[in-house]
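Here it is: the structure, laid out below.
Chains: A, B, C and D, in written order; residue numbering restarts at 1 for each.
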Amino acid sequence: MGLIHAEEMTLNIGPQHPSTHGVLRLKVKTDGEIISEITPVIGYLHRCFEKHCENLSYEQVIPFTDRCDYIAAMNNSFGYVLAVEKLMEIQVPERVEYIRVIMAEYNRIASHLLALGTFGLDVGAYTPFLYMFRDRERILDLFELTCGARLLYNYMWIGGVSHDLPVGFMEASYRFLDEFEKNITEYHNILSYNKIFIERSADVGTMPKEVAIDYGVTGPNLRGSGVKWDLRKDEPYSIYDKFIFNVPVGKGLMGSVGDCWDRYWVRAEEMKESVNIIRQALDKMPRKGDVHEALPKKVRPLKGSIYYRTESPRGDLGYYIISDGSSTPLRVKMRSPAFTALSALSEIATGWMLSDVLVILGSLDIVLGEIDR
Amino acid sequence: MTIDNLIIWFQSWLPFNINIIALFIAAVLITALVIFAIMAVNALVAVYAERKISAFMQDRIGPMGQGPGLHAGKWGLLQTVADTIKLILKEDIIPKAADKKLFIIAPFIIFLGAFIALAAMPFGPYLIASDMNIGIFYILAVSSFGVIGIILAAWSSDNKWSLYGGMRSAAQIISYEIPAALSLIAVLLLTGTLSMQGIIESQAGTVWGFLPNWNIFNNPFSLLAFFIYFVAGVAETNRTPFDIPEAESELVAGFHTEYSGMRWAFFFLSEYGNMLVVSGITVVAFLGGWQSPVQGAMEGAWWGLFWFLTKMTAVIFVMIWFRWTFPRLRVDQLMTVAWKILLPIAFFNLFGVAIWTLIVG
Amino acid sequence: MIINQKVSDLIELNFTGVVIVSEEPQNEFIQIQSEKWLDVAKYIKTDSELKFDSCQCITGVDLGEDKDFEVRYNFHSMKLKHKIEIRIAIERKKPSVSSIEQVWRGADWLEREVYDMYGIRFKGHRDLRRMLLPEDWKGWPLRKDYKTPNIYNGMKVPKVRKGWD
Amino acid sequence: MKEYFKNIWQTVNTLLTGLGITLMHMFKARKGNVTLQYPEEKWPRPERNIGFDLKNYNVIRSKLHVDIDDCIGCRKCERACPVSCIKIDTLKVPKDTDLGLTSGGTSKRLLVSRFDIDMTECMFCNLCVYPCPEDCIFMTGGPNSEKQPLDYEYSQYDRNKLIFKFSNISNKDIKRLTAPPPVQQEILTK
């Protein structure tokens, strides 16, 4: 005769697991299905980005920034390039600015499509994932037409872009945008407003405003919590001040403000805004211009340092660049938005069930390449 | 053709006398073989259908090929065959820490649940292995046998994910038996018999002159019962939206995480076997079994088989359709659906059917 | 930048002698002493005129083998929508600075990362472990005097590819 | 109670909407799918809306190719490579030796005795292509289709087979060209 001995079980989710979105390991203490403690362990994809940058020239860093967040490579190199340009005080031609914005917004859509699709996959909906991948494929086709690569572009250059827009890009763009706007409605019908999906994501993993700010969470995750903060609007970089667009924030339509459904919904709405921006940019863009006009002969910024933030699909992407006046940076630090988002996971996911933890993780939209760098 | 008929038929043409026990064993074996063949063919076809249907629903084209050889035949028709060959040739891995005996027998127990349930399944007016007078009761009893196998598999794998899968599965299947059984009881009230053939035969004729007198059309309560049974049945087969025991995004593969090769194939076979059983019961209890939808036309033994299979296919298609449309429920929501929604409605429904039979029938 | 001057003045008002005036024009950052950092941090988070409620980035910097380390903090205020950079020099021999992990929860991982790369100890951090590198890693990779080890855990570290000299 | 039934109604309604969408997609299955039946059908397929016409592309990141006849051995590509997957060795030749002209009309001054590209290391950043003064290193396909057809199928069983050696000068030629008496043979190193 003895008492039933019950204790918490330690469970390792990952590093190889279908829904950790990469090689993330979650050390989890569970009591049955309930998670009582959760410790993310990262570093499995650490590729020494910052160490590499010490030995590379400024231009050579660009392909490495692409590889940090491989889902939104355009946005990543966009941020880096803008930071170096600010450091060197280069003024790029207007056409280049428009092209960059178009590319960055396209990549934002592509990234959000992947985020929403895999979020659906975490919840168990397989079909929307493939619909979204189909549309993402079309965007990647456009990128490939422009710079020859589908995922890691090395398209943004310091002072310009590598190639001008190719023939047929505009027509293909308009065609895609028209199709895509219809498809967003379909995604909403099949996934967003599906009762099972709402049950799974609404009121789950609520991240209150204060917690989100305290953890430095940014981007759609922060906006999902109801904070209207978007660098494109509040601190316009490049030419974002020339466009009219809204910043969707989570309103708690299906549950409470800041739950998984809100974060999902903010991303879905942001895609619409991105379509809006791309349309405006395509219309307003100067038709002619040399994209290589402002390329500096030698990239050798003056001594100094800069912290430059841009709005990547995952949030405020900051680059801290210190130049010692040579052609290689002294220090490049990347402030990755997914890193801070993941640090908030243990706060918001404790106490939920095992299935919920993976849903919450999916709603944070992390990319391990960016977290580990 | 029941086993008894088979024995009599043997006796009628065999020139010499054989011990009745030997004949009985031979008849049982033949029937078993036929049922196994049905299950295997069903798995073969259903897997192919699942692949293709899911592909079309997802704007893909599914398995394709341009000819024999390395490709999977025209339209990928040979895909499942190739899969089967792959599964047979695959290395059979038993984890070191696994409880070997249980690990080995678990897939067969699960398989057995679906397999012996088919013994009382009336595929046609005369095609039934054993038309016992408690047919539906028997099927309900043995088809829940499989959960023991799932728990065994989960426990013996010595894997935390498997254990989660097993525990969830046990809770799920046991919960969903109740609304399923309750909605079937509603049917039994209407038909007044437990025999499978009896249930089908009672559904002959028409209602309102044009609709066949299937239970689903018989009265509003039995229509509701149909939905309850169907939802509960889908849950019993562990398919999306109720696939939490194997939830691939949460539990990797749930109770069969550690299985590979032929043993894993048995899990697969029994999943599709379970689909067959559930769709079979649905067809028998609600959709008139082998009855033709048009009164007085296209009846007979072979037409009966045809109608039964067609209805079954339709039901299985809906299950596949569900799977590729819906997200998955969480484990507590699953319980909520069973205990707080389906169960009260099923009780209410049972009451309604009882009143209906009193007044109308 | 007006906000820098304002923050600088406010800090100087409350903590005399904390702000280090360097020859560089302080229009982008505020250099402060490491001793009272925790108090200053609490102050700039809670003060009604500053309200830096979000810790955006913590960067460790090694300016050279003979110079001090620096830790650079980038703060941002979601309420008042302004930002600031604060720099703290840390002596190289015994690098340590107060942790602000309990002031801004987001600083937790950011500080761990700096510790991981530079070996700067954050006093008062509740969970100061390696973040990106394995627990048993030796050395602080982003220091300028870091040498790539020849052997790691008994495995030889390949330097140059065969035939690629 | 009202909430309870509203919930059930909502569930049924939204689930049916979802079912409708998948069913519609099933019946127009062929439309808009992006599946490429790979060995039979190769990328790009402009007529099926998969990819575009090859000549429309600015560049295709497929496989690096070097027109070694045009190479003057300036090593700009080697320096530009962030992962140093290009390796070039050059030899000095006596002043009067004629190595010929490139297609651009530049006279070659150095003998390129080794031009290796390790495609296992290459990260397809295209940075080596721009500095080349003779446009002799480029990605195959796309606008370069005339010079070199598109090639993205170069998988190998052995890693070393993915090191492409472009220099076509034999040892005998090296001896002949660099030998003439008075000049000391010297291998340039970086």
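Basically, a residue touches a chain if its C-beta (ideal position, glycine included) is under 8 Å from a C-beta of that chain, and two chains touch if they have at least 3 such contacts.
As the structure is a computational prediction, the values presented were derived from the model and not from experiment.
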Joint neighbours of subunit B and subunit A, given as chain labels: D
Chain whose mean Cα position lies farthest from subunit C: B
Mean-CA-position distance for subunit D and subunit A (Å): 27
Intercentroid distance (Cα basis), subunit D paired with subunit C, Å: 41
Chain centre separation (subunit A, subunit C; CA means) in Å: 25
Separation of subunit B from subunit D, taking each centre as the mean of its C-alpha atoms, in whole Å: 53
Overlap residues in subunit D, where contacts from two or more other chains coincide: 15, 18, 21-22, 32-34
Multi-partner residues of subunit B (at least 2 other chains): 57-60, 324-326
List of subunit B residues in touch with subunit A within their complex: 54, 57-60, 160, 164, 240-241, 243-244, 247-250, 252, 324-333
Partner subunit A, residues of subunit D touching it in the complex: 7, 10-11, 13-15, 17-18, 21-22, 32-34, 50-52, 56-62, 80, 82, 123-127, 130, 139, 142
Sites on subunit B touched by subunit D in the complex: 53, 55-61, 64, 66, 321-322, 324-326, 341
Subunit A to subunit D touching residues, read off their complex: 56, 59-60, 62-64, 67, 127, 134, 137-138, 141, 144-149, 152, 154, 162-164, 166-168, 172, 186, 189-191, 193-196
Residues of subunit D defined as touching subunit B within the complex: 8, 15, 18-19, 21-23, 25-26, 29-35, 37, 40
